[in-house]
Structure formats: structure tokens, C-alpha cells
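To keep things simple, chains are lettered A, B, C and D as they appear, and every chain counts its residues starting from 1.
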Amino acid sequence: MDETLDIQAVLEAAIAEGRQVLYEGNVADYIPELAKAAPGSLGGCLIKPDGTVYAAGDYDIPFTMQSISKTFSLILALQTAGFNRVFSKVGMEPTGDRFDSILQLELKDWHPFNPMINAGAIVVSSCIRAKDPFDEFLKLVRKLCANDSISMNERVYYSEKQSGTRNRAIAYILMNDHILDGEWEDVEDILDLYFRMCSVMVTAKDLAHYAMVLANDGIDPTTGEQIVTPDIVRVVKTLMLLCGMYDESGEYAVKVGLPSKSGVGGGICAVAPNGMGIGVFGPKLNKKGNSVGGEKVIQYLSSHLGLHMLSDGKPYKSIAF
Amino acid sequence: MDETLDIQAVLEAAIAEGRQVLYEGNVADYIPELAKAAPGSLGGCLIKPDGTVYAAGDYDIPFTMQSISKTFSLILALQTAGFNRVFSKVGMEPTGDRFDSILQLELKDWHPFNPMINAGAIVVSSCIRAKDPFDEFLKLVRKLCANDSISMNERVYYSEKQSGTRNRAIAYILMNDHILDGEWEDVEDILDLYFRMCSVMVTAKDLAHYAMVLANDGIDPTTGEQIVTPDIVRVVKTLMLLCGMYDESGEYAVKVGLPSKSGVGGGICAVAPNGMGIGVFGPKLNKKGNSVGGEKVIQYLSSHLGLHMLSDGKPYKSIAF
Amino acid sequence: MDETLDIQAVLEAAIAEGRQVLYEGNVADYIPELAKAAPGSLGGCLIKPDGTVYAAGDYDIPFTMQSISKTFSLILALQTAGFNRVFSKVGMEPTGDRFDSILQLELKDWHPFNPMINAGAIVVSSCIRAKDPFDEFLKLVRKLCANDSISMNERVYYSEKQSGTRNRAIAYILMNDHILDGEWEDVEDILDLYFRMCSVMVTAKDLAHYAMVLANDGIDPTTGEQIVTPDIVRVVKTLMLLCGMYDESGEYAVKVGLPSKSGVGGGICAVAPNGMGIGVFGPKLNKKGNSVGGEKVIQYLSSHLGLHMLSDGKPYKSIAF
Amino acid sequence: MDETLDIQAVLEAAIAEGRQVLYEGNVADYIPELAKAAPGSLGGCLIKPDGTVYAAGDYDIPFTMQSISKTFSLILALQTAGFNRVFSKVGMEPTGDRFDSILQLELKDWHPFNPMINAGAIVVSSCIRAKDPFDEFLKLVRKLCANDSISMNERVYYSEKQSGTRNRAIAYILMNDHILDGEWEDVEDILDLYFRMCSVMVTAKDLAHYAMVLANDGIDPTTGEQIVTPDIVRVVKTLMLLCGMYDESGEYAVKVGLPSKSGVGGGICAVAPNGMGIGVFGPKLNKKGNSVGGEKVIQYLSSHLGLHMLSDGKPYKSIAF
């Protein structure tokens, strides 16, 4: 990355650029609560390991993590149950199918393809070893985001629980095929955990801090604490790079090149080189379920700051999505 | 990477380790010519950008590139037809299916998922703009490998042409669905080009040089020549990381973490950090079609030299395949 | 059919033949209650429209109908909701997939393929217009089987309800895609109806009477009452012929040639020419889920009595399954 | 069937009815030669076993059989290679997929589902044991249609051969998976036979005679000759009923109820009760590839003459397609 660049100016230009494409997207409406998000919102935050925070737009509006929770639950499952246990239950392969696809479960006669699709994340959640899994999850999120006030949105949780028929179907298939880990007698129990985790609220700034910890191999550089081991961080970042953006992951990797995870709440967190973390928020989604404005903001930052993981670190010309 | 390490010693240990798992694999036999490879062969080569060559085992035995040619043909197509043209014909998404799958072509009503599966590579080959595409291909391979004596194995080419019924089926589907680019009236013409490219012979050392050029963003550091633009290299390396190892790409990325491409001839090239390139050769393949010994060698190098792209650069403990 | 044949003797020979193949099958064990069936049971019954009953073996042992209920619920749905309503919700095409497949629901973006697979039968059940659908169902079954003592097996029902995770998954997919008819707010309600219907107990003799009514275009020839209209009977018999034997329907139609429906409880009912009905029972199932002994009994009857719907009515040589 | 009905009048009314729906269809254009058919053509013929011929409209315009040839080639393969040989190579199950689908070949790891889809018919053709298979085929067609002047349309054959890329793909998959029978070294040889058979020209009257022979269990009632054995006829008619109308077979069976086979040339032959045969021709096809006018004509005849195989033989009210 070119150190002489004015990151704040680039971030503000990125937000301005992102606003231009908001008209292309739509706020998620499969849950009534999500549909209430202010459609014009767009914000971003970039944190350097020295603690410098660059922020613009709606960087401090809280929203629910949704699928971004899949990375936290994967960390927690790997911490408590271990690599071998978790990956005896879920694969590591990207798939070209939709995030809520059940096709592979019938076609391939095997476990879910990876922890970033719904079926995989539900299996991963079932692996967590903890007396109160959600409580441990919340503690981990607060620590990785360096924000003790993070909590769950009760209405979104309740709304998910009421309307989550697709995830309920997935969970019943997993239970039927004995793929869930542990002694889950009732599908509702594992779904309750899953829906709670999806309903935890964060801001773009929270996500930037989280991404920064991942960028520093599990150490929070502002405190020096090793929160997650480098081995777990390496695995999680690899899976984010390969499957973090639903069935747009390949195109995003080619065009943006940062290990990232998005959620239908409109958030994306992106792990950047040089120990930097990026978080964005914009509730309007493209057809693949990714924040249309947020994706543009991160792409702008990647190309203008030269952040693509497989580039030479120099600014480069964006390829249109 | 820890600069104090004795790379030659690590490479030799890697080869020794690789020999231990050869019994698990089998030489490809779908083409009679391939079945003739010496099954016990195993070799590797690592080249640093200053030109230092580390080599061990059968690093200088020539073998046919097979699917590794998919990266060269992608480069040539991007150079001659441009990004927009090529990616209007083929996608960028990884897929969990086998490399010779035709499923997605019927299920998804779209172009092949990516340039690293057979269907995608045939489409990419059809995009190459050149009077004599194979001649241009061979020139590019020779330059990127810094070896002017590289040539095609006539018997393997003829053997592929005789027995390539699966690829022939794929090509007819692509022609039927009007996905091939340009004015290919006869499926045999595009297949002839494809089979020729697969039949070009290289050594592990050739592949290491090629990977080194990719690691240096298209510049051959031994000559200073920019052979491929950084924009093309970035795209190709990203697709190698996501889909370069058939339907084992995800697991390989998690466990090894280097943009790589394998071929059923037994070769793998891997792009390493710090401008280094790695090439390996071992004709015994695992069930996914990747060199079982070669994969082990690269994994050993990655963990002992700390090369995983998403790690902190320190040596780390390998995860068993 | 050759009227000079001694039907009772043929039936007894059929049962004897059927006993020879019982070793090939296994009693269904996906529900604990089903696994309790006496594995050596085998019985059959053929009723002529003049009321003559031929019976042999375990023709009067009660067992749960399971999938045979799909034909009764289809009749009831067509009677109460009409052809157009029902077939706006479910298709009429056979499918090569397993009876509990969910593949088509994702691949084809449409309603279940036909009323004889689980997904289709659940949708059909949701179409029934009645204050108490199960009560109406039971009345219909009793009338069509001419047996007022027919009732539900509480333990099987409870066992299905406890362990029916696959059907639960299917029902959630159907609800998620808004394919269920009417105002079913809770998936458990439609499943409760479905499981109750599957748990109704009948004997081979009951099924023979039912099949005889269908063979007489909806008229019970022993009473003269038109229980079902010929239009509905025509549709139901056609679907039985095409899809009544799970994913063995084609082979069974070629080799046996009678509109039939089987259930994993071990029963099969078969509609024969000349107004005759056949019912068999044998809990040992083949891999496709059909009674292995029962299928042999019906095939023997078909070939020795010349009952194949697409034959010339003369006895013919069986083709081995 | 009601014997007092004026069949000629009903047939003419059926043609008139059929003309009303021609606007819904389109002439096949995947082969240039087929696109030349006069779109307004519609004709039908019904032959009684006493030799009485009822005909109306364009009943004597020749057209290519296309998929109707699949029934003749199945008969010839069963005659020359036997039931066991043929059905070791192809299944008997209907499938919900398109006639030119290749999905099942990859998904199910087995032979083609049935002889009425393209993959199955190519396999069946490969089973024919004859010095000159096409010559034997032509002789059989001429005899079954009682028309010695039947011959192949050279231009359609050539056109098929030039443009049959989809079938070529299917044949290569079959050869690759070693599913073709016999020693076919070159895919073009089996395709040549297949394309020739598809290109044989018949009239609606020819098809009616053929269907009449099938309706009389293989005996031509006008000569008394047993051309095909009852065992083969039974199998072929069953497969026609289950899979003869592409992926509309189920709906057609429910609504029309006659063993039938259609071709994209616009022909349909239908085997009727009481030893009668029906042939129709109308080149405008619906989306499933069946003659839209022809289907309506047969449905009209079935409902007004009471021909549905699973009905009581009385006229019944048509269900709209």
C-alpha cells in the first residue's frame, strides 16, 4: 500500500462512489424487521493497527450481523471443539450454489460444503462446546470488536424465528441425516442458537476492528492480546476469501481480493494487508445478497489503496462488477 | 518467511516426506501414454527472485502439463481478447463439482463456472485471438518458463485426441449452446488446440520459473522483462487460489494457502510470497486428480517456510490432508 | 383373463412363490413401530365384482397404509377442492427420483412433480377442504374398503410424528415456497394430518376391496353405490400406473402392468381388469421401498391370469425383477 | 367405446378443434429442413381392425418420424438382441427431465433412464443386431405401417447430421462411460444410424396402421400376420404410456390415456382400445415438443369416443391442457 495516500480522502470518495450504485439494490425483506432499514444508509470504516480510525458516512449505525456471524461461530467452534471435529462435520470447498441451497445435501451424500453457507453454519454451530453457547458467542464478538455494548436485537431474532422456514427445512435435513454434532434432540434448539447469533447488532466500526484483529493473526494490536490463535485465523480467513460472499465469492475475489464476509443486514467486513481492517454498512443488496454500496466502497478502497491480496500492492484499475 | 532457514534442506525433507505418501496414489491411466510414467518419480524446485534455484529429486524429468495449460491459455486469451470478452464467455466462480462435470451447463443455463474446469478452459481457448493459437501458446510457455526447448509430446497429443470422448462431449454441448467464442465450425478444431496445449512438456524447474514470474506480478526478475501485465496476473492468481486444484481447491487453500495449478500429468506449480516460485512433479495422483506426493511437498514447504498466503509468515503446523 | 382358471389355486401358488423371495427384503426400520412387524408375513386377496373373495396367507393381518394413503387423500382432495385447484399445486409427471427427494423442488422451481411422492402428497393433503380432514379421510377409507372398523394406529402415528424429520424438512420447504394450499400457519398441523393418514391400519382384504371399487370406476359393485366419480377414478388410476411404486414404477408397469400403490408398511393394492381388485401384504421391502413378497405375488397373478393392462389378456411369461 | 358413434364425424370435429389451438405452437426450427413444414397442416387417421379407415385433413402428407422412430428401434433391438441385453443397457423409469437431458447420466451414475429419451434411444440403437441395421429398421417400419414406399428424407438426414451437436454430445458421454452396446469404435457410426432412423418419412395414415398393429398385440389384423410378439408389444406399449410424450407424458396420460409416441416432426401415433390405431400430424409444437394440434385431436377422440385406457369406456369430459 502506498503510505503517502490520504486514506480519509480515499474513504470519503469511496462512499461517494458507493452512493451512485445504491439504486441498483434492494433492502432485504424476507424478514419484516430487516425491511425497516433506512435504504439510503451507507458508511465505512478503516482501522490501522496503530489504532488510527478512518470513518465516513453511516459508520456507527447498528445493524444485525446475519451471515457475518458465521465467521464468529466458526472461530468459537474451532476454539472449543477443534479443527478435526468441526471439519469431520463440514467441508472446506466453495460451491457455486446459493447460500441456502439444499441441493448438495441430496446430490453429494455428504456434509455441507463449507461453513459459510447456511447448512454449513448450522452444523458448525452445533459443534460449539459451551455451557451457554450464545453467551460465549456474544463475549467473543464483544472482544473481537472491542465493544462491550454489543447485544442482540430481540425483534429481529423473534422475526427470524417466526419466518425462518427455509433454515428450519435445512436443519431438519441435517438432523435427519445425522450430520448435526452433539445431542441436539430438538431442531428448534440449534435454530434458536443460529437465529440469535444472526441477530447480534454491530456497526461498520465494530466490523473494522474485528477485521483488523484477523489481519493481525488474532492479536488485537491496540491491546496486544492474542484473542484467537494464528492457526484458527488462517483457516477462517482462507474460507472468507473462498466463500465469504455467497455465490459471488469468486467474482469478488477476482475484483476485490480481500478475505471478506457479508450479511443480508447490509454489513461486510474485509481483512486488508498491513494489519488493517475494513467494515462497511449499506442495507441495499444486490441479487446475490451482498451490500451493493458496501461492495463498491471496498472495491474502491482495494483498487485505490492497492489492497488486492494477489496484487503487487500498487493501486490498480477497478474491473466493473 | 524466515530468511535464516536452509531452503535446500527443507526441500529435501519435503521430498522425503512426499515419498512416504506415494503409495496412496495412482498414475493416471485414462490415456495410455500417461500410464507409462515412472510411478516412483517425485521432484521439486523452488526459485527465488534473485535467481537462486533449489532443486531435489526428479525436478528435471519432463511431463505433460495437462490442466496446468489452463493458466497459460487464460493468460493468452486475456492478452489477445481482453478481460471483458473472455469473462462474457466464462464465469469466475468456484464449483464443488468435478473438473469434467457437465452438470452446471444443464442446471444453471449459463456459461462454464470458471476457466479452471475443462468446459471453461475449452471456452477460454476458443477466445484466443491469434493466427496460429498453438504457436502463440507455445511461445508464451517458453518465455514464462525461460526454456526455449519446451515442446509438445506428439504421442500424448495423439492419445488424447483418440480417447478424449468426455472432452468431446463437453465441446459439443458448448457448441450446441453457442458458448464457444469465434467462428469454430468444427468441434475438432477447438479440441485439437485444447489437446495440443495439454500435451506440452515441462519440468518441475520450468514450472517453478513460471510460478516465480507470476509471483513477481508478471515480471521475470532474472531479465527484468514484464511478460504479462499485473492486471492479468492478479486475475489468474486469484482463480488459481480459488479453483486451481480441481474439487480439492478449498481444502488445499485452507491447508497450503498458495495460488496453484495442478495437472493429471503429475505437475503442480505454486506461486509463493516474496517473489518465489515452486514447481513439483510426481505422477501418482490422489482421488481428486492432484499429485499426491507433489501436494505433500508443497504443503511441507508452506508450513516449514511459513508461506501460507493468509498466515503471519511464520512456520506453522501442517493439517493432515 | 382366462375364466376357466382356478383363481384360488393361482393365488396360493403366488403366495408360495412370494415366500421364496422374502430373504431378499428387509422390514422398514426408520420408525421403531414399523420394525416390529413379523418379517415372515405374506398374504394376498383378490375380489371379483360379483363379491367372490379369494384369499391366502396373512390376508387379514392389519398394517399401516403409509404411502397407500396418498391415493385416498388425492381422491378426497379432488372431491373437495376440485381438479383445477389440486393440479395448480402439484404436477402429474413421474420422476426418476426417490419418493422423499427434494431435488426437484430446488432444481425445477416448481411444485412437486406428482401426488405420489411425499412432497406432492403433503401438498395434496393441504388442499383437502373439510372441517375435520382426518375424520373425512377415515370415513372415505372405511367406505372404499367396506370396513367400518378401520382405525388409526396411535403408536405408529406417534412414532412418525417423533421421527419424521425428512417429511418435516419437506413441509418447511413447501411452506417457505408458498406451495401449501390454504391457510396453514404451522407446518406441524399439515404434518399431523399427513402422519395420521399414513398410520391408518388396513388388511390385504381391505385393500382388495378398495382396488375393486377403483376397478369398477368408483362404484362398489357389492352395493351399487357410486362412491367416487369416474373422472376422479380415471385420474387416480393413471397416476397409480405411472408413479405408484416409487422409483420402481416404470419397471413395475412394464413387468406387472396394473395401476398399483405400495406403502412401506408392506401393503400394495392393485387395480385389475374385469372389475377385480387385489390387495397384498408383506412387510419385507426391497431397496425401492416396495414389498418384495407382495410385488412377486402380484406379478405372479398378472402373468398367470393375464392381467397386464397392455397385454392381450392371455397368460404370459413373467420377466424377472 | 360407444359403437353407435359416427367416428368420421367425431374425427372431423377433432380436426376442427385442433385447428383452434395451432396458434399456440411453433414449427421446430432446430434443423433448417424441419422449419420448412407448412405450419397450418393438421390431419388425422383412425383405423379399425376390420380395416375401415377414417381420415381427415392432412392425413397423407409425409413428414419425418423423428422420435417416433424410438419405438421401432426398440422393437428391432428387442427382436434381435433380446429383453435382457437391451435392459442391461437402458432403464425403464420415466424421468421428469427434458428428452435431451444429460443430467441423469452424471447424477445417477447409471444408464439412461428409458428408451424414449435421446440418450436411451441411442443406446437402444447400439443394441440392434443386424448386418445392416438401418435396412432392417426400414423393412420393419414398412411392414408395421403396411406401406412399402416408405423411405428416408435425405435432406433431413443430412441436416440432422450437420446440426446434431446435442445428440453428438450425448453419444460421446455414452461412449466415454462405456454404455453403448457392441463394438462401436466411432461415435459417428451410431449417430449416423440414429439420424437415419429419425429421418424416415411417414404419414398420419401410416402411423395409424402401425398403432393398430400394436393395438392388436403385434398382429396386423388386415393380413393376420404376427409381425411382433405380444411380449415385445406389451413392453413397448407400456413404455409409450409412461414416457412417450417427452416430459409431458404424465399430464398426457392423465388427460388422454393412450400409449402414444410423438416426434418433433409433428407426428403422434396412439394405440387405442378395441384394436384401433390412431395417427395424427401437425408440425406446430408446444413447449414440450409435442404437436399442439395433434395432441388436441387425440384428446378429442379419446374423450368423445371414450378411449382413455383407465376409464370405463364411456365418453368423458376433456380436461384442459
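The criterion applied here is as follows: a residue touches a chain if its C-beta (ideal position, glycine included) is under 8 Å from a C-beta of that chain, and two chains touch if they have at least 3 such contacts.
From a predicted model like this one, the values you see are computed outputs, not experimental measurements.
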| item | value |
| --- | --- |
| Chain whose Cα centroid lies at the greatest distance from that of chain A | D |
| Proportion of interface numbers common to chain C and chain D (over half same, under half different) | same |
| Inter-centroid spacing, chain D versus chain C (mean Cα positions, whole Å) | 31 |
| Distance between the centres, which are taken as Cα means, of chain C and chain B, whole angstrom | 55 |
| Between chain C and chain A, distance of the C-alpha-averaged centres to the nearest whole Å | 48 |
| Per-residue overlap in chain C, given as positions that touch at least 2 other chains | 107 |
| Inter-chain touch pairs (all) | A-B, A-C, B-D, C-D |
| List of chain A residues in touch with chain B within their complex | 83, 91-97, 104, 108, 113-114, 217, 230-231, 233-235, 237-239, 241-243, 247-251, 253-254, 257, 259, 308-312, 314, 316-317, 319 |
| Chain B to chain D touching residues, read off their complex | 101-103, 106-107, 165-166, 168-170, 172-173, 175-176, 187 |
